[in-house]
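The structure under discussion is supplied below as structure tokens; questions concerning it will follow.
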Amino acid sequence: MNRPPEDSKPPGTALSHISPDGRARMVDVSGKAVTCRTAVAEGWVTLNADTMALLQEHGGAGKGDVLQTARIAGIQAAKRTSELIPMCHPVATDVVNIEASLVENRVRLIVEAVASGRTGVEMEALTGASVAALTVYDMLKAVDKGIEIGPVRLISKSGGKSGDWQRDASRQE
Amino acid sequence: MNRPPEDSKPPGTALSHISPDGRARMVDVSGKAVTCRTAVAEGWVTLNADTMALLQEHGGAGKGDVLQTARIAGIQAAKRTSELIPMCHPVATDVVNIEASLVENRVRLIVEAVASGRTGVEMEALTGASVAALTVYDMLKAVDKGIEIGPVRLISKSGGKSGDWQRDASRQE
Amino acid sequence: MNRPPEDSKPPGTALSHISPDGRARMVDVSGKAVTCRTAVAEGWVTLNADTMALLQEHGGAGKGDVLQTARIAGIQAAKRTSELIPMCHPVATDVVNIEASLVENRVRLIVEAVASGRTGVEMEALTGASVAALTVYDMLKAVDKGIEIGPVRLISKSGGKSGDWQRDASRQE
Amino acid sequence: MNRPPEDSKPPGTALSHISPDGRARMVDVSGKAVTCRTAVAEGWVTLNADTMALLQEHGGAGKGDVLQTARIAGIQAAKRTSELIPMCHPVATDVVNIEASLVENRVRLIVEAVASGRTGVEMEALTGASVAALTVYDMLKAVDKGIEIGPVRLISKSGGKSGDWQRDASRQE
Amino acid sequence: MNRPPEDSKPPGTALSHISPDGRARMVDVSGKAVTCRTAVAEGWVTLNADTMALLQEHGGAGKGDVLQTARIAGIQAAKRTSELIPMCHPVATDVVNIEASLVENRVRLIVEAVASGRTGVEMEALTGASVAALTVYDMLKAVDKGIEIGPVRLISKSGGKSGDWQRDASRQE
Amino acid sequence: MNRPPEDSKPPGTALSHISPDGRARMVDVSGKAVTCRTAVAEGWVTLNADTMALLQEHGGAGKGDVLQTARIAGIQAAKRTSELIPMCHPVATDVVNIEASLVENRVRLIVEAVASGRTGVEMEALTGASVAALTVYDMLKAVDKGIEIGPVRLISKSGGKSGDWQRDASRQE
């Protein structure tokens, strides 16, 4: 069994998670350098006006509890990303932090993940944002089942062979 | 320790996951009837034109593998929803099915969850859709880190005390 | 392979988790009735005066966050009890609730677990109390590594063949 | 999103798991050195005389099985500490060892955890001790539901910026 | 989204886990009756003569510990089968019991799983046998890395629509 | 608590997972060097002629889906080996790859695991092979419950103090 060279991709494509014969695979990172990697992702949850009013009026404790439960759920999920995403590598995150805030009628969740390793932490940040957003939905679904999650997307990353990446300001809301 | 009556809510609110004194809590479902519950959720992933071309040109195996890996990841995550979402009840799902398709420049994931139990399966469907969408991102992120996930949202549910619910056609894309 | 009759115990003993030939085993509950079962457990964490002062002075947000993080961790762990305790049965808990309060220089965690099933939920309540207590320790260990956890113990249970049980008031603090 | 400097603490406090604005957070360990870290914790379980007699009379196999099941459960839980304790970092433990012995009418569990990493392993040792103690309870609860767990506490630690720590002999039993 | 009728299979095949359009799926069991289901599986591990001698000479404690660790690992894995096998349903097992014995130069593991549910427990029994066998390998691999696992296979099952099944005596060793 | 020297073994034996006093234990790897480790394992699943015909005739999609589901399940299980095998160390695998092919009436699964660490990845490769084989069984069990898994065995390993190891060609099929 010959391992393909690091980051080999099918001819004519750039899908590193697909092998030359077209099958899903993990990327072999054994030849990559251990560097400090960071990623920041954001997740949005759009509430209707009544639900947002309820969340705010319920004030200190209530809002705090919804947002803090979401933050804790997101942190815990980020640490378990490799269990959830089949081709993800296990990563020992140095920190996962989540900020939750209200922006007009939406909840904004910003997740930063940091690790020293051979692979990036984009998926950790995005998984944290998704599960935090799902938790906001869960805490509020008795009031409005129509709440929408999204966009969930990467804001920036640093470290690793592919280097730094920043979302175009023009593509951000 | 007196358990609050089923579904008790803080005065003036409808946040069943917040206790009268403002703390996150599980809802007590011990008094609820066991009924068949279903939920359908959808998740969208927006690709740029190049990535979509790559996904399609890569054709049979490649596209299949990206979408099937996403489907399997979503099914597995849906079964573990109560581990991820702090206030969710453990549910023995009777089935979780995921359909993945390409709609213009987007991937659409439809997740149906079914269970007989005392609590709904909306979170199972939404968690399946989110993790399937994250997996699509993971499989394609080497090509475009800017891929966006969302909306992830409930389409319909049936069963339980709150009965049937259907997303307004006008709110659907 | 003959299954031993329900609740068979080694001759002369009452250790249902030890087989007649002296080996750890799960108890076969397939013949037991499905009834509503409850259990209440408590867990204590003893702080020194400085740490307690810090926790209280840090006031609203700080204390709330330490205790709420502990409550969420305990609820999540209680739902996963059968993963942690080798001979425990999987249980679909109808609710796990945790109250956290300060009693002099101690944190008191009271956990109630409820389920409809063939087996009791004592271990769910005790596991929730233990993990909530460990989380309090984790949140405060930068201040005092000497913090002690305990006692963690059952307060009461109801339901099932063995019926109701209540801790002697004389054995409670 | 500016990451706070390593180990920053709220003004006037030392609660590293609480952010300056009073929210639970993981500590950022990305700037810490990788060193060998050890921690030893103990956990006690107090039995009544009858239960202890039963445990001992049941002799070789029985006692061995109760204690060995507890040891295995504790080792497995210690490896999964970061899943259970929300703000804990994933740690690749080099070893977790548990000694179980009977001291008068109590079971004593001593857990040692060792890892090379950026963060200590106190929580791993304490989690191992707690889950081992819970398992002893589970194995014996058919005989006595009143069994008490505790104290569970740190005995010593070494390595890391905060250096060595040893429980006062005067505070030990 | 129309759910296929229960147990629908692709035309001309009997692969219930493959949808008519050729994709992996969970079987919808929501229409199935809750009945008591049992399954017995066996797993074999073949040692060389030296390793078997070592295992036996090491006698009481040693052999016991290898086999008991394997039994506990198998029980715990059986309870988590639906996490490991993508299309498996969550099942609340009423009991999982494992017998381990030495037969000439082989270790024989017999696993019985029992549950009341809408789906069989064959996978629980087989997963328990596989993980118990892997644990025997792990405990002995320092002596012989060439140890072979297998066969792992179903011996019998009962309950459910497909009724009872028994392995042909002629196909058993 | 004195830790035994690295790799200490009971007198007269080579069972590193058994302590001198005969109890299961993790091996202390804190003194071992971090090196690149690889392991290759294989797992076989024997089908009867009808099932194999069905698998092949079902052709592209069907066969692909059975084998790909098995591959994904095996990769995910390999990443969680330390949760399943009690004395295994957590390992951050750099890659797990699985090849699945049909050889006469059998499915052959080859798993390669690679990691940089203080401990080998044999168990990761073997666990991946076992769970992939169980998944093949699960996908086909509606057709034939008599399908046999095995042998599951190590083919080769490299790295670490014990160096390289290769299965005798004469012992391979």
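As written, the chains take the letters A, B, C, D, E and F, and residue 1 is the first residue of each chain.
Note that a residue touches a chain if its C-beta (ideal position, glycine included) is under 8 Å from a C-beta of that chain, and two chains touch if they have at least 3 such contacts.
Quick caveat: nothing in here was measured; it's all calculated off a predicted structure.
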{"item": "Between the pairs A-D and D-E, the one where more C-beta pairs touch", "value": "A-D"}
{"item": "Recurring contact interface, reference B-E, options C-D, C-E or A-C [over half identical by residue number]", "value": "C-E"}
{"item": "Relative to chain B, chain with the most remote C-alpha centre", "value": "D"}
{"item": "Chain centre separation (chain A, chain B; CA means) in Å", "value": "16"}
{"item": "Cα-centroid distance, chain B relative to chain F, in whole angstrom", "value": "33"}
{"item": "Separation of chain B from chain D, taking each centre as the mean of its C-alpha atoms, in whole Å", "value": "36"}
{"item": "Multi-chain contact sites of chain E, meaning residues that touch two or more partners", "value": "23-24, 60-61, 64-65, 68-69, 72-73, 76, 86-87, 90-92"}
{"item": "Touch relationships between chains, expressed as pairs", "value": "A-B, A-C, A-D, A-F, B-C, B-E, B-F, C-D, C-E, D-E, D-F, E-F"}
{"item": "List of chain F residues in touch with chain E within their complex", "value": "9-10, 13-18, 21-24, 27, 44, 54-55, 57-58, 60-62, 64-66, 68-69, 72-73, 76-77, 84-88, 122-123, 126-127, 130-131, 133-135, 137-143, 145-154, 157, 165, 167-168, 171"}
{"item": "Chain C-facing residues of chain A, complex", "value": "60-61, 64-65, 68-69, 72-73, 76"}
{"item": "Contact set on chain F toward chain D in their complex", "value": "1, 3, 23-30, 82-83, 86-87, 89-92, 117-118"}
{"item": "In the complex with chain D, residue positions of chain A that touch it", "value": "36, 40, 68, 71-72, 75-76, 79-80, 90-97, 99, 110, 112, 114-116"}
